[in-house]
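This structure is in C-alpha cells; I'll ask about it shortly.
Labels A, B, C and D are assigned to the chains in the order they are written; within every chain, residues are numbered from 1.
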Amino acid sequence: MQIGMVGLGKMGGNMAERLRRAGHDVIGYDRHPENSDVAGLDELVQRLQAPRVVWVMVPAGDPTRATIDQLCEALSPGDIVVDGGNSHYRDDKKHADQLGSRGIGFVDVGVSGGVWGLQNGYALMVGGDAEHVDRLMPIFQSLKPEGEDGYVHAGTVGAGHFAKMVHNGIEYGIMQAFAEGWELLEATDIVTDVPGAFKSWRTGTVIRSWLLDLLVRALDQDPDLSELKGYAEDSGEGRWTVQAAVDHAVPLPAITAALYARFSSRQEDSPAMKMVAALRNQFGGHAVASAEGQRTKGADAPGADVTPPVEAQH
Amino acid sequence: MQIGMVGLGKMGGNMAERLRRAGHDVIGYDRHPENSDVAGLDELVQRLQAPRVVWVMVPAGDPTRATIDQLCEALSPGDIVVDGGNSHYRDDKKHADQLGSRGIGFVDVGVSGGVWGLQNGYALMVGGDAEHVDRLMPIFQSLKPEGEDGYVHAGTVGAGHFAKMVHNGIEYGIMQAFAEGWELLEATDIVTDVPGAFKSWRTGTVIRSWLLDLLVRALDQDPDLSELKGYAEDSGEGRWTVQAAVDHAVPLPAITAALYARFSSRQEDSPAMKMVAALRNQFGGHAVASAEGQRTKGADAPGADVTPPVEAQH
Amino acid sequence: MQIGMVGLGKMGGNMAERLRRAGHDVIGYDRHPENSDVAGLDELVQRLQAPRVVWVMVPAGDPTRATIDQLCEALSPGDIVVDGGNSHYRDDKKHADQLGSRGIGFVDVGVSGGVWGLQNGYALMVGGDAEHVDRLMPIFQSLKPEGEDGYVHAGTVGAGHFAKMVHNGIEYGIMQAFAEGWELLEATDIVTDVPGAFKSWRTGTVIRSWLLDLLVRALDQDPDLSELKGYAEDSGEGRWTVQAAVDHAVPLPAITAALYARFSSRQEDSPAMKMVAALRNQFGGHAVASAEGQRTKGADAPGADVTPPVEAQH
Amino acid sequence: MQIGMVGLGKMGGNMAERLRRAGHDVIGYDRHPENSDVAGLDELVQRLQAPRVVWVMVPAGDPTRATIDQLCEALSPGDIVVDGGNSHYRDDKKHADQLGSRGIGFVDVGVSGGVWGLQNGYALMVGGDAEHVDRLMPIFQSLKPEGEDGYVHAGTVGAGHFAKMVHNGIEYGIMQAFAEGWELLEATDIVTDVPGAFKSWRTGTVIRSWLLDLLVRALDQDPDLSELKGYAEDSGEGRWTVQAAVDHAVPLPAITAALYARFSSRQEDSPAMKMVAALRNQFGGHAVASAEGQRTKGADAPGADVTPPVEAQH
C-alpha cells in the first residue's frame, strides 16, 4: 500500500527501505533535501492518495509535535497519522484529540529493533482504535519480524508507546544486571576467564538472551572494555518508566537503580558524596581536628592524636 | 568413561541419565535405597576402578561437607572428586586442600539447566587445575549442550562456583526487571493486553531471552498470575553474590534490590514500616493527638482539628 | 498586623491561634461554619483592610486551586496571597502569574512543625519576591520558632515549597534508616534490649535527632510496635522529590528506597513477586515438573525427583 | 577505680583523659613510647592490681586480636578485658571464649562520640555478662554523657558491638538522605540560598538533628563544598550491617544504597557503566554502525544515517 514516511534517519530510513523491499509505495520526506523524495510536508500530502497514511519517525518532543501540527493542517478527514517515534504516552492522547477534531485518525507505535531491524524486522507495539489499526495491518505485517511474535495491538491510543516505554525500562534493568555481574567478576580475580564465562552462558543457562549475545560480541572486540568510558546516557523512556511507577505507587527498585547508575556515571564527582565527606570530616576527621585543635590537642590531653592514621570512632 | 554419581535427585538423577545415554558407565548412590545402585559410599568406591571420578550432587553445606569428608577417607591418591552442587566458592578451597592433602584432586562445577538439562544439556562452569579438568573432559562434553558454548574452565578451584554464583545474581536482576515491568503494566490500565505485549517481545526486541520465553509460558497458563502468591524464596547464591560484592566494595544496586524484594515478599507485615507508621503517628497523627490532646484541643484553640481528615504537615 | 486565614484545620487552626497569641488580628474562614469567623471568602475579604494578606492553608491540589481562583476574583491590586499548604512547586508559578496579572502578590511557604508547632513554632521556608516577603515579616516572626533558625527566604516563587519538598524527601530517608536499623535489631536476638538501645542513642551519638526522640516515645508506648501494622502512606512530597530528581538526572537511591518501601507496605501481595514465583516455577519447580512430567519422570530416568525437597539448580 | 588503657590514639587518648578528669587511676599503654606510661603490655599488667580491668582501644581485626592474645597470656583469672574498638560482633564471642577458658571476663563496648567525646561524653553500648558489666559501672558512668541516656547494657557478649554496628548503619542512611537532598537542591536553581535552607531546618522541623548541625557547620566553612572531593570511605560497620541483614533476610534498601554510593564514589570510572555503554553501542550506536556498515549504509538504503544525531531506537 502507499505510505508517507517523515524522517529518514537511521530508523525511518531503514524502515522505508524494508517497506519498499516488501512492495509498498513509500514516499519519504526528510529535512535534508538530498535524502528526501519531496520538498516538504505539503508536497508529501499532495503526492499521497486519500485516504492517506503518514508515518512520523522524528525525535520525540518538539520535532514530533511540530510535524503533527503541520500534518493536522495539511491532511484530510479519513487520513491516519502514525507516530512511530519515542513519544511520551501522554502526548499520544493530545495528538489523537488534536487530529481527531479534524477527522484524522492517530495510531502510536513503539518500535524496537535498532540497526538490526532492516534485516530482522522491527518489533511493533501498537496503540489506537481498531478501525485505524486494521487499515495499517499491511504495513505492520511488512515491518514486523517473521513468525507469530513481534507485534501487539496493546490497547487504545497511548498503549503502544506505554508498552515500548516499559520494554525499555525492563531493558535498563537487564543491562544493569549483566553490568553488575561483570563488574563483580572483574573486581575479583577468582574467575580468570571472564569473557569465556559470558560466552559459556549463551547456551543452556537461565540468562541466555540477545543482550548476552551482544555483550559477548562487545567482549570479543574489547575483552576488558578498556577502550570504553563508564559513561551511559539515558533516553527519556527510562525516566518516564520510573515517573509512571511513582505516579501509580508501583515500586521499581531494580529499574530505578539502573537509571540512577546512569545518572551517576555522568557526574565527574558526586555532589552527594561531597556532603558525606564533609560530614565525616565534621565528626571525626582532620577538618574538625584543626577547627577544634585546642580542645583535642591541649596540654591536658597527652595522648590525643598520637596514633596518626586511626580515625575517631563515631 | 566410568563415573560415580552421589545424589540422584532432580539434578543428579537427570545428569546420570544424560551421561548413560552418552555411553558412560555411571554408578549412582542415593540415600534412598530404592534409587541407588549401591548400598553406600564405600561400596560405590569399591565398584569404581582407580583412578576414580566421583561427582557429588547433593545440597550445599552440611550434606556436601559430610559427603566429602567420607570420600576423603574412602578414596585413593589420584582419584578426583567433583562438587557439582551449589557450594559457596570459599568452601571449595577448603575441600580442595582437605582432599589434596591425601593426593585426591578436586574440581568445582557450577551447573545450570534445571529440569530442561536432561534434554538440552547442562551449562557448566568449571574451576580447578588443568590436569584434573582435562581428565573430566569426556564427562563435561556429554553433559554440556551441543554447540561451542555452555562450558567454561573459569579458573582454579572455586572459580566454577563463583561464576555460577554471579550467573545466579544476574538471573535475580533480570527476573526482577521483568517482574517490575509486569507490575507496572498491571497497575495501570493503559496496556489492555499485557500477556500479548510480553508475547510480542519474544521476537525482534532487545529483551528477548529465555526468561521471557518462560514468562510467556507462565502467562499462557495463568494470564494474570492470580493463582500464585507474591512470595519468592531465595537460594544462597543471591545472598552470596551481594556479600561478595560488599566484601570487594562493588556496588550491586539492581541485584541487591532483587534480593531484598524477595526478602520483603516473605514478610507478612514489614517491621520497618511499623516504625515508619509509628513515627508518622508521633509527629502528626491521631496517636499524638490523643497523647497531646490538651495541647492541641484546648479552649483557646477554637480551630484545632476541625477539618478532620487533613493530616498535620510535617 | 491583620491577616486572613483560610482553612482552620489541624495546621491552620493552630497557626491562627499562635498568631493571635502574638497579638495579630486574625480573621479565619473555614468551610465548617462552626469554626469560621466569616460566612465565606467574600466576607473575609470585605472584613480585611487593604492592602490585605490572606494565608491559604487548605489541602494541595484542587482545594488550593479553587481557593486561589476565588481570591483572584475577590482581592484587589496590592493584596498578597500566601499559600502555606503542601502545593507542588510548579503550581506556585501558575498561581503567581494568575494573581500577578491582577496586581496581587503571591508568596509560597513550606511549613513544618506538625501538632507541635502551636507551642514550639513552625519552621518556614519562603519563596517569593522580596517586596512581598518583607511585608509578611511580622507574621513570619510570630509563626517561626524562637532563635535565629527556623526561617529562610529560599528564593523566588516556588522556592519555599521546593525547599519543603526536599525537606520531606530527606525526612523519608531518615525515617527509613531508623526503621531499617530497628528491623535488623528485631530480626536478630543479639541485642536483647532494643528500646533501651534506641533510648541510649539520644545522647552523645551521631544519630541523635528529633526523629529519634519521637521513636523513643513510640517505643515507650509500645515496645515492639506490635499494636501497629506495617503500613505507611506517603504524601505527595516524597513522590515529587523523586520525580524532580529524575527530571534533573539526580540519583536519589536512599530517598527512593524509602518511598518504594512505603508503596510495598500497602500491597497485600507483591505483583512483581508473583512473576518471580512464576519464573521460579517455570525453570525448576513443581509447575514445570507437572507440565513436563513425562520428560523428567520417565522410566528411563530412575533417579528423577527422588530427593524430594531439593530444587533443581538453575 | 584503676584501669589499664591500651591504645592512646584519638579515641583512647581522649577517653583516658576523660577518665582521669573523673578521678580514675588510668595507666596507659601505646605502641608509641613517647605517649605510653609503660614499656609494654606485661608492665601494664604488672602495674595493675588484681582483679584488673584492661580496656583495649586499638583498631579492629589483627591489632585487637593480637592484643587480646597477649592479654590472655598475661592476665589472671578474675580480670576483665574490655574491647572498646570497632570489632565485628562475631569476634566478640571468640574472644570471650578464649579469655573465659582462662577465667578472664570479657565485655564488648561500642563507643560513639568522635572528637567531641572528651568534652561531651561517649555514648556506650555494652555487651557482656551482668557480673562483668556491673564491675565496670564506675568507668561507664564517667565516660558516658551526663543525663539518663548515652548508655545501654544491650545484651550478652557481642550485643554492644552489634548495637554500635546498627547505629553506624543508621548513620550511613541519614547522611545519605541529607546528601541526596543537598544534591537535588544544588542541581536545580530553584532554591537560591541552599545553605540558608539547611540552617533554617535546625529549628522546628522534623529533620533537626546533630548531623544537620554538623552539616550547617560544614556549609558555613565552604558554602558549596567546592573544596571537597565527592569521595567517601566506608568503615567496616556499614558493610557488616548489610551483610548481617543479608544473613537474616532483612531488607535494608536505604542503608545499602548509602553504602553503595560510597563504593561508587571511590571509582574513577564505573566498570558496570562500561558494560552498559558497550551494550548501547552494540544495539544502536556507532560501534555497530561501523561493524555493520555495509548493511545500514548500502546503496539500496538511501536514507540510512542521514539525520546524524538521532540514535537508533531499541
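Methods note: a contact is a pair of C-beta atoms (placed from the backbone, for glycine too) under 8 Å apart; a residue touches a chain by one contact, two chains touch by 3 or more.
All figures in this text were calculated on a predicted structure; none of them were measured in a lab.
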Query: In how few steps can one go from chain C to chain D if every step must land on a touching chain?
result: 1
- prompt: Is it true that over half of the residue numbers where chain A touches chain D are used by both copies, so same, or is it different?
  reply: same
Query: What chain lies farthest away from chain D once each centre is taken as the mean of the Cα atoms?
result: A
Query: Hey, how far is the Cα centre of chain B from the one of chain D, in Å?
result: 31
Gap in Å, rounded to a whole number, between the CA centres of chain C and chain B: 38
Inter-centroid spacing, chain B versus chain A (mean Cα positions, whole Å): 30
- prompt: Can you list the chain A residues in contact with two or more other chains?
  reply: 112-114, 117, 168, 171, 176, 178, 180, 183, 187, 206, 211, 249-253, 257, 260-261, 264, 272, 283, 314
Query: Which of line, ring, star, complete and other names the graph you get from chains that touch?
result: complete
- prompt: Once bound in the complex, which stretches of chain B touch chain A?
  reply: 89, 112-114, 117, 120-125, 144-147, 149-156, 158-159, 162-163, 166-174, 176-178, 180-181, 183-185, 187-188, 190-193, 196-197, 199-212, 241, 244-245, 248-255, 257-258, 260-261
- request: Using the touch rule from the top, collect the residues of chain B that touch chain C in their complex.
  value: 7-14, 16-17, 28, 30-32, 34-35, 58-59, 85-86, 111-119, 168, 171, 175-176, 178-180, 182-183, 186-187, 211, 214-215, 217-219, 221-222, 225, 228-233, 235, 253, 261-262, 264-265, 267, 269-284, 287-289, 291-292, 295-296, 300-307, 310-314
- line: Counting only contacts in the complex, chain D reaches chain B at residues 206, 234, 239, 242-243, 246-247, 249-253, 256-257, 259-261, 263-264, 266, 272, 283, 314
